[in-house]
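Dropping a structure here in C-alpha cells format, bear with me for questions.
For clarity, chains are labelled A, B, C and D in written order, and residue numbers in each chain start from 1.
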C-alpha cells in the first residue's frame, strides 16, 4: 500500500472543503486558528512516517489529551479505576449532567468532560501535587511522541480556565458526590492545562503507536500498558471518542479515534499504524469537519475500516 | 484456524459457568427456558459451519430481530430512515425516556426499544398491513437463514403483549411526537411478534452472513443491501448492540453483535464469518452471561477482535 | 359586599380582552368553542348566586373533573391514597415524565395527568367496573351541583380518546411500575370521559360549595368529606391547580382553584363561597386567559385573596 | 384570642416530641446544635409579642435569609427580576438541576438554592461589591427586626463554604448559561455568609411584620415594598417555601412560611401577625420536625389557616 500516494490523493480531494465548518470560539485563544490549516500524518509500526500539509505546525490538542491521561490512570489503578468512571457511551451533553446526578457522580466514560476530570483527579492524587501531575503528563507525551520540547500554551490554558464554568459545575457536582479527591478548582485547572498542550500531527500520530501495538512503543520497545489495557482504550475510543457523533464516526471512519475542539483527531489502526489529522473548523458535533472527511477517505481508500 | 477445535475448547471452559446469571422472567413464557442450555455456531463465508451444544434447539430471538427489521427498513428508506431514528448510543433505559422527550420523539438508535418500534412502524407503513409486515420479516429470516420453517411462537408473543407496558408507553409517547405512522398498539403487537420468532444458533449464524459479506449472502449470492449499508449496520451493532453494556461488549468481545433477552447473541466477523451463541441466563445488563463469555473466549483464541 | 355589582364591574373590564389567548385545539371538538364566550358565577354558602355572561351555557369541564375524582378517592381510601399519588407540586410537563420515572411511577400530585389517571384507576378498582365508575362520578357531580341532567359529551370523549397518546404513554408507564390496577387503556378511556362532562358556571360554582364549607354541602347539609380532607383538597388546588402557572395563579388570584383546557376555572373562598368562570381562549400555560383575569379582578375588588 | 395561652398549650403538647428528627450535619458547625432546644415567638401588627421557650437564643437562619434577599432584589429590580428567576414550584432537588439545564439556567423560584444564588448575584451587581452587599443584607435584617446587633457567625460561614460543592456546581452552571453577573465563587461565598446570620425567634418574627402588613413595618411605619410585592413574596413562600414538602406544609400549616436547615421556620398571617419557631432536628424533607408541628397546632387552635 503506497500510503504517501493515498495521502496525496486525500489532500487533493479535501482541498475544496477547507474552511467549511466553524472554528471553536468559546475560548478566544482557540478562535485565532487559521480555518484553512490542514495536516495529516500516518506513522506505521515500523517507524516510517507519511505526511501532507502543515504537519510541523502545532495546535491545541484539547480533548485528545484525555486518551493519554486515561492511559496513565489505567496503568496506575488498573480495574479499580472503573469504580470511579465507567466505559459506556453517554449520549448528549444534556444527559451527561442528568446521568451524573442519576448515577451518583460516576461519569459514564473517561472521554466526556466529567470522566476526564475524575481521571485527572486520580492522577493528582497519585502524584500528590498538580504541578508534578502536569509534568508527568508532559513527560508521557514527550516520551510517546519522541519529542522533548512538548509544552503547554499558557495563554490557551488561561483562556480555558476563564471560560470553563461548565467544567467547574461538573467538578463541583462530582465532588459533592465524593468522587473527587482534590479541590474541584485545582482539578479543573490541571485539566485546562493538559488540554492546552500543543503538538503537531507528526508528534500525535507517533504518540499513539503504543495503542496500535498492544501497549508497546514499537520504536523504543517500551511497554507502557498491557495488551488488554490497550484493547480497552481502543474500544472506549471507538464507542465514546467523538461525543454525540461517536456512532457516525464509527460508521464513516471505522477506527478507534479521539477528537479535540482544537481541530485535531487521532485514530488507530490496531496492529498497523497511528494517524493524526488537523483542520480547525468543526462540524455540528464539535469534531473537525475536514479531519473527519480525510479519515473517512483514508479508510475507504485503504480498506482499513474495522467493519 | 481449526474452528471446531476452538469451539470444543470453549465448550470445556464455559461448562463450569453454565447456569450462572438469571433467566429473563418478566415474561412467564421466557422464564421456562432451561438455564443449562448452551449452543454455539460459527458459519464461514464459504458456507462451512461448526457447532457445539444444542445448535438445533430453537429459542426466542427477541431483540436480535431488531437487526433484521433495521436491515429491511434501511433497504426501503435508505438515509431517509435517519430522519426518524438516529445511530448514536443511548445510555441507560432511564435516559432513553428522558432523551426521547428531550429529542422530541426521535429515538437515538434502532436497537433501543423506542428505535425498534419506529423501525417496525416504518415497515408496517411500507407493507400497509401488520400481517403482511410479519410475513415479510419471516420471509427475510427464512431467506437469509436458508430455512423455510421459521415461525413465531404465539405463546411468547401473547405473553410479551400482556406484559409490554413500557413498550406501549414508548410507542404512545413517540406517537404523541408524531414519529409513528400507525396505531401504537398495532406497532407494539407487531414488534412483540417479531421478538417471538424462534430460531437456533445454526440458523441465526447463517442468517448474519450477508452482514459479514458486504450485504451479499455468500451462499445464494443474493445482494440484500449495499456494502455501505452493511457497514452501517455493523457499526451500529458495535456501538449500540448491547444496551448499557455496549462498551463492555466492544472491549471484551470486540465484534459487532446483538443480544436478545432470550439468551441469544449474534456476532459478525466482517469478511470472515457469522456467529451465534445461546445460553438463557443473563448478566446484570440483560445479555447472556455464558454467551458473552463464550464470544470473548472465541475472539481471544482466534485473535479476531477488531481492536 | 355587593357581589352582583362587583361582577358587573368585572364584566365591563374584561370585555375588551374577550378573544385574547388561544382556544385549545389539540382536540378538534374543543376547537369549536366560541372564543368570545364568557360567564362567571358566584354562589355563597347561604345558597345565593350571582352571575354574569352566559352562565347557562355548558362547556367541557376537562381537568376540573380531577378535583371531584380526587375528592371521591380521598373519601374512599383516606390517607392510603397517598401511597399511590403525592401532594407536592410538579414542575413542567417535561419533568412530570422524568419525575414519574425517577420516582418509580408515583405521580407527584392528583392534578397532573399522571396523578389523575392513578386516581381514576383507584375509583375503577373500587367500583369494579368503568361504567359504574363513570356513573358514580356523574352522580357526585349531579348531587354537588344539585342538577340532575349532567352528562358526558360523547363526541368530546371520542375526540379525546383519539388524540390522547401522551395520556396512554403515562398510563402504560405507571402500569409498568405496577401503580395501576386496571388496564391502562380502560383507565385512559374512563379519564377521557370524565373530562368530557359538560357543566355551566352556575353548576360548577354550586358543586364546589362543600369544599368552601369544610366538606359539607351547605344546601343539603350532606357531609361529603371531613373538614381535614376539604382543607387538603384546597391546599393541593392552591399549590398544584394550574400546571406550570400555579405560582402565578396563587399570586394573582390568591385562591385555591382548578382550571381546565375547556376554558373553565373553579375557585374556592374558604368559609364564604364557590366561584366559576368560563372563557375558552387559553394563556400560554393552558389556563383561561380572561378567566384568570376575571378572578384576579374579583379578589382585588373584594380583598378576598388569602395573601 | 389569648395568644400566650395558646402558645403555652402548644409548648405542653410538643414537649414529648422534642429531639425527634435529625439535626442537620452536612456542615459540622450546624451539627453542634442542641436537639432539645425549642422556641416560638408571635408578634402582632400592633407590636405585642408572645413567646415560649428559648426565644432569646440565636440560631443560624440559613435559608430563611432567602426571603429577605428576595425582598431586597424585588424592591431593586421589580418585575425585571422575573427575567432571571421564576416564581413556580420546582420539585425534587434532583429535578432542580435537570430543570436548570432544561430551562437554560433560569431557576424556577427564588427559594431553591439556584434561585437564591441568582438573587444574591443581583444584589452584588447592585451594590457593586460583596462586602457592601452583606452589610446591606445585615442592615435590612437589623432594621426589620429592630435589633442593631445582628451578625454573621464566621465559623458557620466558613464551614458552609468548605462544604458547599453543590452550590458551587449550581452557580457555575448558571454562570455558564450567562445568568450570573459576578464570579460564581464570590456569589456562593456571599450566599454562604447570608445563611450564617444568627437571629432568635423574637427577632425573626418581628422582622416578618412588613410581609404581614402589605409591605409596611407597622412599628416604624416604614414602607419597604409595595403591597403587591408583599403579596407576591407571601404567595411564593406558600407554594415554594419548604422545598419538596411545600404541599405538605401548605396543608398542615396553611400559612406562607420559609424554613431553614438551622431549625428555624418563619410564617406570616397576612393582616395579623408574624411568627417564628425554632427546633433544630429536621424531618425527612429538611424542615424542623417540632417546628412544623408547633405551627400546625397554632393554626389548628387559632383557626388561622388560610384554607
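Rule of thumb we're sticking to: contacts are C-beta pairs under 8 Å (C-beta built on N, C-alpha and C of every residue); 3 or more make two chains touch, one makes a residue touch a chain.
What you see is a predicted model, and the numbers here were worked out from it, not measured in a lab.
Using the contact threshold fixed earlier, the set of chains in contact with both subunit A and subunit D is empty.
Annotation: the subunit B:subunit C pair of sequence copies touches via predominantly the same residues, more than half of the used numbers being shared.
Distances between chain centres, each the mean of the C-alpha atoms, put B farthest from subunit D. One finds 56 Å separating the Cα centroids of subunit A and subunit C. Centre-to-centre, using mean CA coordinates, subunit B is 47 Å away from subunit C.
Centre-to-centre separation of subunit A and subunit B, using mean CA positions: 32 Å. The multi-chain contact residues of subunit C, meaning those touching 2 or more other chains, are 94, 98, 102.
Those residues of subunit C lying in contact with subunit D across their complex are 86-92, 94-95, 98-99, 102-103, 108-109, 231-232, 234-236, 238-240, 244-248, 250-251, 254, 256, 270, 305-307.
Partner subunit C is touched in their complex by these residues of subunit B: 94, 97-98, 101-102, 165-166, 168-173, 175-176, 184-185.
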